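Next up: the structures, one after another.
In what comes next, chain A is part of two complexes: it sits with chain B in the first one and with chain C in the second one.
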Partner chain A sequence: MSTTVTPAATLSSASASIASRRSVSIATILKWLVAICVAIVAVFPIWWMFNVVFSHPGVPISINPRLYPTSLSAGLNNILTIFTETDYLRAYYVSVMYTLLTIIGILLFSSMAAFEFAQFQFPGKNLLFGIVMISLMVPKAVTIIPTYLLTVQLGWLNTMQGLVVPGLASAFGLFMLIQFMKSIPAEMIEAARLDGANHFQIYWHVAIPLSKNALITLAILTFMSTWGNYIWPLIVAPSPTMYTVGQVVGLFNAPYSHTTVDIVMTANLLAAVPPLIFFLIFQRQIVEGIAHSGTKG
Partner chain B sequence: MSSRTTRSIAHYLMLSPFMLLFAVFFLYPIVSGLFYSFFEWNASQTSHFVGLANYTKVFTSRNFEKATWNLLIYVSITVPLGIFVALSLALLVDSFSGFWAKFFRSAFFIPVVMPLFLAATIWRWIYAPNFGLLNTILGWFGMPSVQFLNDTGTMLYAMIAVDVWVSAGFNMVIILAGLKNVPRHYYEAARLDGASTFQQVVHVTLPSIRPVLFFVITYGLISALQVFDVPWLLTGSSFAEYGGRANALLFPVMDMMGRGFGSVRFGQASAYGFMLTILIVCVTAVMFALRKKFGDA
Partner chain C sequence: MSSLQISNAAKAYGAVPILDNINLDIASGEFVVFVGPSGCGKSTLLRMISGLEDITAGEMRLDDRVINHVDPAKRGIAMVFQSYALYPHLTVFENMAFSLTMARAPMAERKEKVERAAEILRLTHLLDRRPAQLSGGQKQRVAIGRAIVRQPKVFLFDEPLSNLDAELRVQMRAELIQLHQRLRATMIYVTHDQVEAMTLADKIVVLNGGRIQQVGRPLDLYDDPDNKFVAGFIGTPTMNFLSARVKDVAADHIVVSGLGGDTAAAGLVIPFAGFDPSIREIQLGIRPEHATIAIDPASAEGLAAKVTLVEELGDLTSVHTVLANGERLVAQNHGRRHSGAIETVVRIAADKALVFDMAGQRLRPAKA
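Take a look at the complex of A and B:
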């Protein structure tokens, strides 16, 4: 009996496995299809922006919907136009300085404070730490207007310090660095002290080199948020000589700005280049930095 | 003893730059903002105490009602939709391995790298009537041109699409980090019990990543409640004109900024900020309470 059953059973199980393999492969095809479609939706708007800049001028969109670039010289021409006929280069300089100074300030001040909070006990520590942590819960919406009024009182409207300084006390950066610096062994700090290093030297020669990864991640995240900051420059640097890239993009973008789409997209593309380059170089740090803030915070 | 005192001084010296900036540009503005909110206050006239008048003026204004209503609809769509998309993308990426997992993760993440002001300006042109990309595509299928950003029936949804485009990759990366921490043998056990892929997601994956989901939802809510850049740049983009047709894209932070910088009513704007903060703190508190009750994975 068993001998007659076996081939049939093998056959049916074989056909079942073929069927299941086929259904798996349909699921796999679907999976790939969805993944590719989503990838196109995610990347295409950026690709399209690039194409608008690098395409023959004057060809109507109905004939050339800008699905691919058609003219290198037209694009270069657009870039030249925007640099020579608008104040974009100046805005670029302001944005670069604003971002650079903010990164330096945040890294320096929050690493100094994080070093103390993470490694030492001193009177008032818990109170200070508690106040800073509560501030993580306070939304930007409530501080932005009084901070602006304070900046005006200080006479910092339309200045670089007005852009940079009010943003330097970053509770987020402090929190991130504290988490990291807690893992520095106390023995290393004690050893440095026995070698005769003073407090600042320990911070500078022991804690900073050991926190390199966290500092790089914080620098990149600060770069992205500062380069992309639109609302603060909009109110604190309203004079055209202090416009940031974001403001110029916003002005071109406004209705009745009489700017053609290729010029608008050139401004957009040039504003997108630094973050895109950063992403290509530091992708791992960016992704891990964001993932960490979500899983540890 | 004296070396201990000098060491304590060293601690405070290291903390002082951060704490000073924090006190001046964070704590002081909160206090002064509360003070301003009780005063009729503008550039031309001297300020005078008005009690709760600023609060009642904001609360009973038509723009406040419109902005709050818009916010309610916006938040209740964009947060669940955004997280559903992010979760789907995370599961999708997780189902690939090696090169393709990295490839699709990077592709889905690229919009996050774009500053919000760029995302908004790029999409503004994609939505443009007649010659915009989306209307060109609709035209291929013989459909009439839609005024996505000027038709009160579509404006909010057009904005939510931009929002999801930007935020999905951000949340995906955080959820992916959570997925990595789910022990593999949970899935094997579920599979042995005959659970389908869908059942595994519902009964194994989701409960295991609850803390991450709480973070993503809370963070998403807090940012959505303060939405500014995208609706600002999808509409008039200036203090003279914002909110779009029939104020269909007017949101509280925009309304607050408009009262401050458009009509120079900083007292009302400060009051607005505090009302918004109360809302946000309440929402955050509810989320934390829910997390405490259901969040332990």
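Take a look at the complex of A and C:
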């Protein structure tokens, strides 16, 4: 922010001080202008979606574009259509379970592994850590087919465990939590040891609470990547009973689907609602978390 | 209340020896202070006693039970860390009750024990706070409280006061003494501050370079050090060391000369029975309090010295001087201010001088 006092202002002459105040306000206005532009670009698609869903049926949006919704009942009708004529609720359930189980699993496994890596010595530690780091560098596209084949061999096609389990080994989560847990003072762990805490108690009562911020960050990043994950559910759970929200929306968006644009938009809007709610709840932590980890999901 | 014996203990990190040949007897209820310069192995020794660090060789006994391989939590030893190591996510109560929580003690017992400890340490009104809401001294008391709750046989303190300001340190020192009297527990305390050591200890253990230099009561170490290191480490300002030649050896005294490079002086007569006549070169240890600036330099007998710095503390004046051969000598005047003279004469109380050989070992007179 340009609140710097210019030399002219220190002269305390009236005109100089007005000039400096004006320069501050111009900078502020510019800042706001930029912020508003960015916000419009970001919000417009969502607003447009909303606009299309809640518009009079039979009035083609593209011919006579409007920037405001015109019919509440039409929108509710669209939503009802989606819920009654497709398995959208089921897809919600699959997506929510998929995301929730993945978050819980990643938090649990990453934190347990990170605790050992960060605070203790064990044979082969450096080798193992190296392997983890290498897997961090391999693109997802390379591992997805072997992972798929393994899942097939386990007979996990079209199952929840097929969706969830392969995603639980998060090299990124492990790496992030190791870095965080390394900063837990050794004396804190030693004090707990002297106080009679066993290995698991130290993990649970000391390491986990002290890593709360990192865990929240990891949960948020995992949510964002899992809810939006399209490829993996597509190949490992192709049966309609295991469709995620993303897949259902994909069906609507397919070139040969015979639904009208307002229904397609409704499906899209409904898919965007959970992340929106999630974002509104965890707004502060998400911003902090992204700043903290230096990543964008 | 327990006694601790350490015999022939050693510690090495890989091939690097850190502590060697540690022998120590700590009686039940004693307040023992480990003191020594930074890096001498004080913390390592303390951590070996706690069990956080394993012991490379030797034996450690607590109440006649060998504890070398006993789990740290089962030794009945509590430790207070320099950094306090309080859990920031727990309240003061929960911090102090941590060991009981881990042992799944009933809530009533937790409450009773924590409240008793909190009362001793005047923490009762702070039990609901979190560590971030406490002052340094309060955090330190919570850390001590966490130890008290465990009712340990031995308390270990690793430089617990070094993060506190000078005033608070004096106050906490007094509180620790009271606590020791009240609990009658064996306490081992690490510091590199010799004032802390002198004021707290029943027994001081001076460490240097991974070895015990001397063990004794504070004033015994001050009056009768075993070697130059202990002599120099205990007492402020530190003891002066002057090299000297033995000119004459008699049955009950020796005559030394060449002090401060002053060849002309007649020599200093030092009472010393049974001096080994083969020793020609020695070092004299003289406490600043046993060296004074002569009032009338012209007529006085003593060492010619040039004043470099005067520290006036009111009741006490420390005069830093340099002698003809470049050796430094600090003298003190009690109740008398320095005249401002640069060229002076320092008088030494020869009967108080301590004699060391050139290797720094103390030479003691034969007992009468």
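Keep in mind that, in the parts below, the second predicted complex is superposed on the first by the 250 of 297 C-alpha atoms of A that agree within 3 Å, B and C clash if a C-alpha of one lies under 4 Å from a C-alpha of the other, contacts with A are read in each partner's own complex, and residues count from 1 in each chain.
Methods note: contacts are C-beta pairs under 8 Å (C-beta built on N, C-alpha and C of every residue); 3 or more make two chains touch, one makes a residue touch a chain.
Because the structure is predicted, anything quoted here is derived from the model rather than measured.
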{"item": "Clash or fit, chain B versus chain C on superposed chain A", "value": "fit"}
{"item": "In the superposition, chain B vs chain C on chain A residues touched", "value": "B"}
{"item": "Partner chain in contact with A:V206 - chain B first, chain C second, else both or neither", "value": "second"}
{"item": "Partner chain in contact with A:D195 - chain B first, chain C second, else both or neither", "value": "second"}
{"item": "Chain B versus chain C as contact partner of A:I263, first or second or both or neither", "value": "neither"}
{"item": "Minimum C-alpha spacing, chains overlaid - chain B and chain C, in Å", "value": "7"}
{"item": "Residues of chain A contacting chain B in one complex and chain C in the other", "value": "198"}
{"item": "Touching residues (chain side chain A, partner chain C) in the complex", "value": "185, 187-188, 190-198, 201, 205-206, 209-210, 212"}
{"item": "Sites on chain C touched by chain A in the complex", "value": "50-52, 72-73, 77-79, 81-83, 85, 87-90, 98-99, 101-103, 146, 150"}
{"item": "Partner chain A, residues of chain B touching it in the complex", "value": "7-8, 10-12, 14-15, 17-19, 21-22, 24-30, 32-33, 36, 89, 92-93, 95-96, 104-126, 128, 131, 133, 136-137, 139, 165, 168-170, 173-174, 176-178, 181, 211-212, 215-216, 219, 222, 225-226, 228-229, 232-233, 236-238, 241, 252-253, 256-257, 260-261, 266, 269-270, 273-274, 276-277, 280-281, 284"}
{"item": "Chain B partner contacts - residues on chain A that touch it in the complex", "value": "31, 34-35, 38-39, 41-43, 45-46, 48-49, 52, 60-62, 65-66, 108-110, 112-113, 115-117, 120, 122-123, 128, 131-132, 135, 137-150, 165-169, 171, 174, 198-200, 203, 224, 227-228, 230-231, 235, 246, 249-255, 261, 264-265, 268, 271-272, 275-276, 278-279, 283, 286-287, 290-295, 297"}
